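As written, the chains take the letters A, B and C, and residue 1 is the first residue of each chain.
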Amino acid sequence: MRLRLTPREDSYYELFADSANNLVTASRLLVEIISDDSDRESLAEKMRACEHAGDERTHAIMNRLNESFITPFDREDIYRLASNLDDVMDFMEAAADLIVLYQIDHLPKEVVRQVEVLERAAELTADAMPRLRSMQHLNEYWIEINRLENQADQIYRRLLAKLFSGEFDTLTVMKMREVIEQLEAAADAFEHVANTIESIAVKES
Amino acid sequence: MRLRLTPREDSYYELFADSANNLVTASRLLVEIISDDSDRESLAEKMRACEHAGDERTHAIMNRLNESFITPFDREDIYRLASNLDDVMDFMEAAADLIVLYQIDHLPKEVVRQVEVLERAAELTADAMPRLRSMQHLNEYWIEINRLENQADQIYRRLLAKLFSGEFDTLTVMKMREVIEQLEAAADAFEHVANTIESIAVKES
Amino acid sequence: MRLRLTPREDSYYELFADSANNLVTASRLLVEIISDDSDRESLAEKMRACEHAGDERTHAIMNRLNESFITPFDREDIYRLASNLDDVMDFMEAAADLIVLYQIDHLPKEVVRQVEVLERAAELTADAMPRLRSMQHLNEYWIEINRLENQADQIYRRLLAKLFSGEFDTLTVMKMREVIEQLEAAADAFEHVANTIESIAVKES
């Protein structure tokens, strides 16, 4: 039996849901940034604001942990989940920053697919957060995140093969490789979030 | 004193041993794939089947965890060990896939040494799994895996130096770098498996 | 209330402090190695000795864990902290080894800033270790390590942009990229040490 939690403890769920919703915002900024005619400087600025908002949520979770006697699940798991969500944001922000920094004018269309996978993963993660409360119906979330991560892998590898096909000059290849690597790391990081949630569910089961 | 476990719980050990034996198979496929006159397409296909078999074992372990009240060691450690073994497979499969995808005809002979280290690490890991039951005689396994990982590092760094010597054209360098990086990640992942087992033994000691 | 620990258990703190002080030594060797007129071969040799000394401390911690019934905090956290400290050393040693191996004569001046951040992080980490005993006054350490890691990120990204500016030939770019990547990984690894300490403090609070 799961005890009813007090309002104060409830707010972990809200903070996690906030963090995940923030990732949805960031993934949509990425979608805009990679489109050819976007104002990248200003979008990258918005992305930094988004990362900053994420950091504040992470700190709010950590502060609450330091003040709480009772937590809805193990303290170190709350800590790990907050860190995992933070990692996703960092990789998405890094990709946006590098696109601006390298002044990459045009990205291969497969990058659009990479970013669409991230947007979908962010939405699924945000959807799953309220279900942490009951630990029910999380199975479809893991399965779908794993499927998306496999898809991201396939897109990433095909993108690398395209980069190395001889179509682009060397410096362009190197710059684009750094960007798509950050995007791939973001997809992996979404899987780590899902793995942490799975391992929490395993403990609580 | 360690309690005698029921047959049902015993099967964790069997599933882990199966997973590790599957890594031995995968490492031998890698040995074949990197030889100059191999049928790479069909070997990469076998590698994918191998990865799929690994995924099934991982899911079998996770399902059993969800159904079991009693586990031979901490649930999260079982979870982590299964994930670590899965990671090794993913890196080996990625290396095989990239070799085919990039149509790399010839690999430097040092890659043979990289893959031999992986084969040896896979064999040692498979040998160690039955000893999880007693947690005895695992010291030599850790020491040897650590030695192999150091050796893999040395081979990897010398391979990079060779790639960057001016002997190869830029695109070939970039393609081979991706492949050897996956192989290096597989060697690191074997060390993570060993670290997890060491940390389980530390807890149980 | 925290129980007074026996002298025997105290020595974990000393071993961690030793490990961290060893990282200070290693970071100062890096400062020397990247200066243009240094004797790199002999400094890389000293770095290997430093890494070896680090390995011995790691093993001393692991052996003590295997022999102790009582530990000042969770066994797996002691294990993880020792592994994290070991990781930092490995990345710093790898950077030094690659500089010698690739015979890189001159490094961009931003690499000096990367290494200065590592030196500062090492000093902060060494300063924080004695405070593990009381778990007090660790907040400023986390905040400062996080600030340094953000700074390291900025330096790293600007360094990549410089490498990809067209100023250097392709092989030089590739070699320098590997080196600065190891240095960036060392900065990340210092943050992992801080995260582990933060998660220990969260548990103990």
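What we mean here is this: contacts are C-beta pairs under 8 Å (C-beta built on N, C-alpha and C of every residue); 3 or more make two chains touch, one makes a residue touch a chain.
Given the structure is predicted, the values throughout are model-derived calculations rather than measurements.
J.: Does the chain B and chain C pair touch with the same residues on each side or with different residues, judged by whether over half of the numbers are shared?
T.: different
J.: Specify the angle of rotation obtained when superposing chain A on chain C by their C-alpha atoms, rounded to a multiple of 5 degrees.
T.: 120
J.: Nearest whole angstrom, what separates the Cα centre of chain B from the Cα centre of chain C?
T.: 27
J.: By residue number and range, which residues of chain B touch two or more other chains?
T.: 170
J.: Which part of chain B faces chain A closely enough to touch in the complex?
T.: 62, 65-66, 75-76, 79-80, 83, 94, 97-98, 101-102, 170-171, 174-175, 178
J.: Would you tell me which residues of chain B are touching chain C in their complex?
T.: 153, 157-158, 160-161, 163-164, 166, 170, 173, 177, 195, 198-199, 201-203, 205
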